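Shared between the two complexes below is chain A, which has chain B as its partner in the first and chain C in the second.
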Partner chain A sequence: MALEHSLDLQIPFETPQQAQIAVKVLKPDPILRPDDFEVDYVSNGSVLEVKFRSIDDRVLRVGVSSVINSVKTVVEAMDELS
Partner chain B sequence: MSVPFASYSSPDLESHVFRVDPTCPRYQTTDGSTTGPSPHVLNAGQIDKDRPSEPRTDDNGQITTLGQLRCHLTGLQDEINDFLTERMEIAKGKKTKLEESREQRIETEIKGLLDGGDDNGNDDNS
Partner chain C sequence: MVNLNAVAPGGGREYYVALGLEGSANKLGVGVVKHPVVGKHEGGDFSYDCESQILSNVRDTYITPAGEGFLPRDTARHHKNWCVRLIKQALEEAGIQNAAKDLDVICFTKGPGMGAPLHSVVVAARTCSLLWGVPLVGVNHCVGHIEMGREITKAVDPVVLYVSGGNTQVIAYSEKRYRIFGETLDIAIGNCLDRFARTLRISNYPSPGYNIEQLALNCKKKDTLLELPYTVKGMDLSMSGILAYIDNLAKDLFRDNRKNRQLFDRDSDEAKISVEDLCFALQENLFAMLVEITERAMAHVNSNQVLIVGGVGCNLRLQEMMQQMCQDRANGQVHATDERFCIDNGVMIAHAGLLQYRMGDFVKDLSETVVTQKFRTDEVYVAWRE
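Our next item is the complex of A and B:
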């Protein structure tokens, strides 16, 4: 089935380096159901761009919420170490 | 630093945009309403050990820029979760209606076959 349900997320960091670090940290996370859900991370200047594509809204909700949790952990770690 | 932004699309909804409103209480906390244990579990006595930490503050007591980002992300996450949950409920309702009408059709066909196909809905046994 086509991955027709999508969500694009843009997260502005303080510096391009922080956005790049976030991409490097998040990208290795394995996708548990690659046939049903895809996620792509790109840094554009200081903005982290995340593109989600999914088979339906249920899978999209689980995937998006999980990635945002990971992003929040990355942001918290950066904040604590800065 | 600007605020996070998200946009959703699906075959039956061209676009839905999520915008962060920093003045809204939802975007001023790291403790989201759609994440963590449910109220049912908490009321049963469970202690939330994974509760998110408060946003970090600087020497002047102001929330740091990254702390604000974490708050904005929490609010955005709640917004997206609520929206997608609502869409799931709508999809579930549609599916149920479709299933109901399909079952009703099959039941009518079976009844028609069992009655020898001469039942026009007039069950007058008097």
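Our next item is the complex of A and C:
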């Protein structure tokens, strides 16, 4: 089945460096079910762009919320620790 | 020849500083450890004596209500909530103002453990590494326990009994690996104790095992031990059957099932066995099994030292039983640590990671930082020992 369900997120950071760090942090982790779900991270200036594609809306929702949770940790670390 | 000083500390310092992040189960730990550069480390196996100083050791445990265990998703959420705050606190306590300059390495638990909690922590570790420009080291959780135990107790080459909520292994070092001599075939000893605590619906604070230990101390009939299955299989153990058996006894006791003559007196119908007796019997039985396989491992490798690590290792009764066995064997010694280092903590990850780093082993590409639920102790190449 094609990955027909999709969502694009644009998350603004303060600097392009921060957006690049976010991409590097999020990229390494493998997707548990690559046939059902795809995610792609790129930084565009100081914006982190995340593209999700999935087999159905349920898998999409779960995947997106897990990525958002990770982004929260990244942002908190940048705010508090740099 | 092992040379622990091959990689010089950063910033022209005379010492190494490592930050360690641990979150493989329900404890989230962050620690900072300092190793001075010592001349003798250039030529010889002195990895048990790094003269390390613990600059900070903070921990936050995810405690579930009585009768409930911790689930991966909730535990991961706990770690995400606390991770950055704990890192900040650990750095402050260690007096580190400029992490980018003052840290040599950031160490994180690569596995084994629960996937989601491990992942929560590695995300923070990667972010810090990129923010500060400090290299990462992925540490095997079991090796972290072993190295911390050796450093604290100065045990040179002990047989290691690693007992915790997720692992039960008897380990000895040989030829650059920590070799597993025996292990559990099903559930870990800590898991067996935790789950029995859930059946009893006793508190998970500070830990279920500690509360079972306290109940067992109040056992009034220590001389008439309740008989449980004893399941040593060669060098290995099995504990799920024991748990099922004692769970049933506890349920019969709570249900007041008088037909169970093991629990209720034939004539007076009164309970012969109390919850305290069950806890005592379970501990004695499980620990006797551990002592048996540990003793056999000692005979195999001709060692008279035992090092007990892992959360269950703070159980004083286990330490006492091990001590007894060791004394009977040509003046052996038992080495154990207290709850600060026995129970999962960030310092042990920092310490083991720093040993790895000093041997030149650190992450070159972030793709190497993917965490893994399964990561056996003997997969790690122990470069820092002869």
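Heads up, the rule we're going with is that the second predicted complex is superposed on the first by the 82 of 82 C-alpha atoms of A that agree within 3 Å, B and C clash if a C-alpha of one lies under 4 Å from a C-alpha of the other, contacts with A are read in each partner's own complex, and residues count from 1 in each chain.
Throughout what follows, contacts are C-beta pairs under 8 Å (C-beta built on N, C-alpha and C of every residue); 3 or more make two chains touch, one makes a residue touch a chain.
Source: prediction; values computed, not measured.
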Quick check on the superposed pair: does A:11 touch chain B, chain C, both, or neither? Answer first, second, both or neither.
first
Report for A:58: first if it touches chain B alone, second if chain C alone, otherwise both or neither.
first
Looking at A:82, would you say it contacts chain B, chain C, both, or neither? Reply first, second, both or neither.
both
For A:72, is the partner it touches chain B (first), chain C (second), both, or none of the two (neither)?
both
Is A:28 touching the first partner chain B, the second partner chain C, both, or neither of them?
second
Common ground on chain A, meaning residues reached by chain C in one complex and by chain B in the other
69, 72, 76, 78, 80, 82
Within the complex, chain C is touched by chain A residues 21, 24-30, 69-70, 72-74, 76-78, 80-82
Would you tell me which residues of chain B are touching chain A in their complex?
1-11, 30, 34-35, 52-53, 56, 64-67, 69-70, 73-74, 76-77, 80-81, 84-85, 87-88, 91
Touching residues on chain C, where the partner in the complex is chain A
77, 80, 83-85, 87-88, 91, 99, 119-120, 123-124, 126-128, 130-132, 366-367, 369-370
Any idea which chain A residues touch chain B in the complex?
4-14, 46, 56-58, 60-61, 64-65, 68-69, 71-72, 75-76, 78-80, 82
